[in-house]
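So, here's a batch of structures to check.
Next come two complexes, and both contain chain A; in the first it sits with chain B, in the second with chain C.
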Partner chain A sequence: MIRKETLLKEMNEHRKTIRVATWKAFKRNKISLLSLIVILSVSALSTVGIVYSPYNPYQPNFSGALMPPSLAHPLGTDWLGRDILSRLIAGGKYTLGLAFVAILIGATIGTFLGLASGYYLGLVGTIIQRVSEIFLILPTLIIAALFAAVLGTGLLSTLLAIAIPTIPVYAKLVHSAALRVRNEDYVEAARLLKKSGPYIMFNHILPNILHVVIVQTTYYMGTGILTVSALGFLGLGVPSPTPEWGTMVGDAKDYIFSYPFVVFIPGILIAVVVVAFNILGDGLREALDPKLRRLL
Partner chain B sequence: MLEAVVNRMLQAIITFIGVILLVFFLIRVLPGDPARLIAGFEARPEDVQNLRHLLGLDKPLPLQFVDYMLSLLKLNLGISYKTGGPVLNEILARLPYTAELAVVAEAIAVFAGVSLGIIAGLKPRSFAGYLVSIFGIIGSSFPSFLIALLLIWVFAVQLHVLPAFGAGSIQQLILPAITLALLLTGNIARLVKSSVIESLSTNHVTTAMAKGLSDEKIIFRHILRPALSPVITIIGIQFGSLMGGAVITETIFGWPGIGRLMVDSIFSRDFMLLQGIIVVFAVIFLVVMISVEILQTIIDPRYKEVYKMK
Partner chain C sequence: MKILEAVNVYKYFPIDIFGRKKIRAVDGISLHVASSETLAIVGESGSGKTTLGRILSGLVKPDKGKILYKGSSFNGFHGKVQMVFQNPDSSLDPSWQTYDIVSEAMNNRRKSLDSVAEVLELVGLNPAYITKYPHELSGGEKQRVAIARAIAAEPEIIILDEPVSALDASIRAQILNLLLDLQEKKGYTYVLIDHDLGRVWHISDRVVVMYAGKVVEEGKTEEVFQDPKHPYTIMLLSASTSNIPKPKINVSIQGELPSLINPPSGCRFRTRCPFAQEKCKVEEPQLYNVSREHEVACYNQF
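The block that comes next holds the complex of A and B.
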C-alpha cells in the first residue's frame, strides 16, 4: 500500500514538472503569448457583449449615419447610424461563440469516434474511415454551404453546418494518433490487468494523444471563425441585422467605394482573431511536443 | 504500379458514390415539392401530378437514387427546378469561367510561391524570408472576402487601374485571380523554402559546388527538382480551398463561374442544380487527387518504391 502511494505521489510530481516545463516553453515565444492575450481579451469583450454594449447594436439612428471614428463612436457608425464598436462587441457571441460551440461539439464526437475506431480495429473502424473520406473530399466551405442550404439560415443551422464537417476531421486525426499508441507497453499492461476497452481508451490512450487534439482545436477555431463569417458574408449564415462579423462585412460591402471603414473594421477584426489562433496553435504545438520539450 | 492505380481508382469511385449518397439524401430531407417548384404555383394539380410522374418523383427514395445513378452514367444530371433545362448545360456554361480563374490563380501562386521560396531558402534571414511568413499568414488566416475587398479598395477605388466587377476582359480577371492566388502563395513558398534549405545540406549539392558547377545549374538541377514533388502535392491539397475561395471570390467580383452558380442555386432553392454542382465538384476533386498521385510517381522515383511496398 505504501509503495502505491509513493508511486502516485511521484507520478503527480512528474505531471506537475511537465506542466511547468510546458508553460515555460510556451512563455519563451513572445508572439504566441501576445496571441493568447489578443484571444483572451476579444473573448472577454464578447462575453461582456452578451449583457452589455455601449449603444444598442440594433437601434437605427439616421441622423448619425456613416460617421467616421470619433470619441463618442470610437469605430464610427454604419449606414443606419448604429455604433460599430457596439455591434462588434454584441456580435462576438455569434462569430466566436458559434465557432467555439460548433468546434467543441464536432471535436468531442470526432475524438470519440476516432478513439473507438483506433482502438477497436475492424469493421467499425473501416466504416468510420470511409465515411470520413466522403466528407473530407469536399472543401469545408462547400459542405457548410450545402448544410446551410438544407437547414436554412440561422444560428442552429450555422452551428450544425460547421460542427458536422468537423467530426470526420477529428475522427481521422485521432484514429491515426490512437493507432500510434495502442500497442505501447502501458496500454498492453492495462489490457493484462483486464481493464475494459472504454477505460483504456479514456485513461490510457486519450491522455497520451490529447496534445494532438488540443493543437488541432486551436487551429480549427480559426477555421471555424472563417467558415462562420464566410457563410454570414454570403448570406447563408447568421442573417442580418444580427451583428455577426462576417454578416456585417457582407451587408456593408457596397459602402467600400465611399465609406471603406464600415467594411474593413469587422473584416480586419476577423483576420486578427484568426491570425492569433493560428500563431497560438504554432506556439502550443512547439510547447506541447514531448520531443521538442526534452531538448530544453 | 498499374494495379495500385486501378486500386486507387476503385477507392475513388466508392468515395464518389458516397458523396452522391450524402448529397442526394440530404437534399431529399428538405420540405417542399420539387414538381410544384418546376411547374410553378399557378399550375393545375393534375399537371403537377403528371410532372411528378414524368420526373420519377413519385417513386420510393432508394429507387429514385438508383435512377439518379443510372442517369449519371448517361451524363444526365437532371432538370433544373428553376429554368426547367438540363442541369448539365447550366454547369457546362459556367465551368470554363471557373477553370480560367482557377488555372490563372494557380499559375500566379506557383510562380510567385516557387520564386519567393527559392530566394528565401537560399537566404532565410532576408526580406524574402519574412515575406514568406507574411504570405503564409495571409493565406491561412485572412478571410477570402477581406482579401478581395482590400484589393478592390486599393486597385479599383483608390488607384482606378482595374475594374471591380464583371468578366470578359483580362483586366477583369486580374483581381479575382490575385485574390485566389494570395490564398495559396504562402503555403507553396513555405514548402519550397524548407525543401531548398534541406537540399542545401545534402551531399550531392556539396559535391556539385565542389565540382565548380555554376549557381544556376545547381539551383535548377539539384535544388528545384526535389522541390517539385511537394509543390505538386500541395497543389492537389489546395485545390479544395481554391474552389471554396472561388465561391466567395466569384460572388464578390460578379464572376459567372460555378462557385457563384452554387450560391445562386441555394438562394433560388434549385436543389437539383445544387446537387449537380456538388457532383461535378466531387468528380473534379477526385480527378485532381488521382492525377497528383500519378504525376508524383513519374516525377519522384521514391514513390515507386512506396507503390511496390503496397
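The block that comes next holds the complex of A and C.
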C-alpha cells in the first residue's frame, strides 16, 4: 500500500524546494542581492547596532562642533558637536521603523479592501474603489500637514500621514490583481465546491497575488522612507532633536555651503537605502512571479 | 428520470454601462438531462454553449427562467454538479499541491491521504503525484487532476466544458476513455460541451444543437446525426472532418455567426441559410417534434 509517512514527508520537502528555487532565482541577480545586504546591514545597525553607538547621539560638545570626518568621529560632528554616526544609528529606528510600520499598516488594510472589492464586485466593490479614488488624489504632504496641524508634529501624525495615502494605492493594485485571478477556473471550481467568499479570497486569490503585494511593498518602503525624511526636512515630521534622518538634513541645511558633509552624509544614506529598496523590488519581482516558476 | 432541467432560461450580458446593449448569450432555452446519460451541447464558438453549461452548473445565474435539480428549483450550489474546464492551465491553483487540490473537494471526515490516493488511482495517476504542483504536470496530467477534483466531490452530474480541446491529440483519446470508464463505474451524468462532432458522435446519447443562443435541434445522437433536420446541423455535419455519418445533402459553410447584440429577425439562421424563405424573416420557427425524441426549429422539411 501507500507509504503514508514517506508521502507526507515528501510533500513537505517538495514545498520547500519551491522556496529554495525562488531563493536561487533571486540570488542570481547580484545587484539585488547587494541591495538586500545593504538594507539588512542598515537595519541591523539601527537596531542591535545601537549598543555599539560610539557616542551619546543627544550629547552636545561645543568644543568639537562641525569637525570633518576623522578617526575619533568617522562621519564628523554637527554644529552642536554631536557625533553624526551615532545620530544616524539612533535615527534609523525612526526613519526606517516609521516607514516600515506605516507601509505595513497601509498595505494590510489596502490589501483586504482590494481583495474584498475584487472578489465581491457589486456595490461593496464599487464603494471601496470610488472612495479609494477620492483618497488617491490627496497628496501625501497635504495630509501630513493636516495631521501635523490637528495632532501636532510627532511619530503618530507622521505614521498616519504615510499609512493613510498608502491604503488606496494597495486597494486599487490588489483589486486589479484579484480581478485577473477571480475568473480563473480554479476559483470557479472552488465555488462549485460550495466554498465561502472569504475562504476563496484567502486561500485561492491572495496566495496567487501575494507576489504583487510583496514587490509593491518593497518599492513603497523606499517611497515611505523618502516621505518620512521629506516630512522631517520640512519640519512636519519627527521634530528635532530626534535624529530622524530627514530632520537631520533639514536642521543642517544652513551649513550646506560651509560644511556640506553635515547635510550630505545623512542625505546620501537616505538615497542609498531608497535606491536599495527599489533594486530589491526589481529582483523580487523576477524571483517571485509564479508564472515564471516553470522556467526555473 | 430528469436529473437536471433548464426551463426557459435567458442570460444577457450588458456591454455598456447603461445596460442598453446586451449580448444575448442564452435566449430562451429549455432542455433536460436524464440520469446517467451523456448530453452533448454543440455549436460554433459564440453560440452560447459555454454560458449554457455555466448556467446548468450554477456558476452563472440566469436572468430569467430556472434550473431544476431532480424536479426542485435551486439557487446557488449544492455540490452535486461539478465541472471539468477546457483550459487545464487555469483550472488548477498554481500555488497548491495535488493533494490539497483533490482533498479540497472532500468533506473533512473523508479528507485523508488514503482517500486522495484512491481518487488519483481512479483517474490513472500514481499516488506519488500528491506532491506535485500544477506547473510540474503535463496538460493531460493536469486534466486528470481536474477530473479527480470533480469526482472527489462525489457529484451526480459533471459538466465537461470542452474537456480535451486544449490537449495534445495523442492525449485526447486517453482522457475521453477515462471519462467513459468513470461513467460506467460510478454512473455519472455528463453534459458534454464540445464543437468536435466526432467526439460527440462517439460519446453522447443525446445532442442539443445551439445556434446564436437558441436550440435549433435536439434529439438522440444517432437520429440527429443520421437524419439531421435543421440546415445548420446539416452544415455542421457536412463541414466535419471526423468519421461520422455524412448527411444526404451537402450544405457548405458560409457567412459567420450573426451579432448576438442585434440578432436577425425571425429565424436567426436565415442570414446563412440556403433554404431561407420570406416567412423565415418574419416569424421565428418554434421547436416541434419530428419523432418522439427529435425536435427541430425550421420551416423546411428535409
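Going forward, the second predicted complex is superposed on the first by the 255 of 296 C-alpha atoms of A that agree within 3 Å, B and C clash if a C-alpha of one lies under 4 Å from a C-alpha of the other, contacts with A are read in each partner's own complex, and residues count from 1 in each chain.
Operating definition for what follows: contacts are C-beta pairs under 8 Å (C-beta built on N, C-alpha and C of every residue); 3 or more make two chains touch, one makes a residue touch a chain.
The model shown is predicted, which means the values in this text are computed figures rather than measured ones.
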Regarding the shared-chain residue A:Pro57, is it in contact with chain B (first), chain C (second), both, or neither?
-> neither
Taking the superposition as given, does A:Leu138 touch the first partner, chain B, the second, chain C, both, or neither?
-> first
Touch check for A:Met11: first (chain B), second (chain C), both, or neither?
-> second
Look at A:Gly114 in the shared chain and tell me whether it touches chain B only, chain C only, both, or neither; answer first, second, both or neither.
-> neither
Have a look at where A:Val150 lands relative to chain B and chain C in the superposition and call it first, second, both or neither.
-> first
Pick one for A:Ala190: touches chain B only (first), chain C only (second), both, or neither.
-> second
First (chain B), second (chain C), both or neither: which does A:Pro165 touch?
-> neither
Winner by number of chain A residues touched, once chain B and chain C are compared | B
Which residues would you name on chain A as touching chain B in one complex and chain C in the other?
-> none
In the complex formed with chain A, which residues of chain B make contact?
-> 14-15, 18-19, 21-23, 26-27, 29-30, 137, 140-146, 149-150, 152-153, 157, 240-241, 243-245, 247-248, 251-252, 262-263, 265-267, 271, 274, 278, 281-282, 285-286, 289
Would you pull the chain A residues touching chain C in the complex into a rising list?
-> 2, 4, 7-8, 10-11, 14-15, 18, 184-186, 188-195, 204, 207-208, 290-291, 293-294
Across the complex, what residues on chain C touch chain A?
-> 57-59, 77-79, 81-83, 85, 87, 90-95, 97, 99, 104-105, 113-114, 117, 127-128, 130-133, 135, 146, 149-150, 153
Which part of chain A faces chain B closely enough to touch in the complex?
-> 130-131, 133-135, 137-142, 145-150, 222, 226, 229-230, 233-236, 246, 249-250, 253, 256-257, 260, 263-264, 267-268, 270-271, 274-275, 277-278
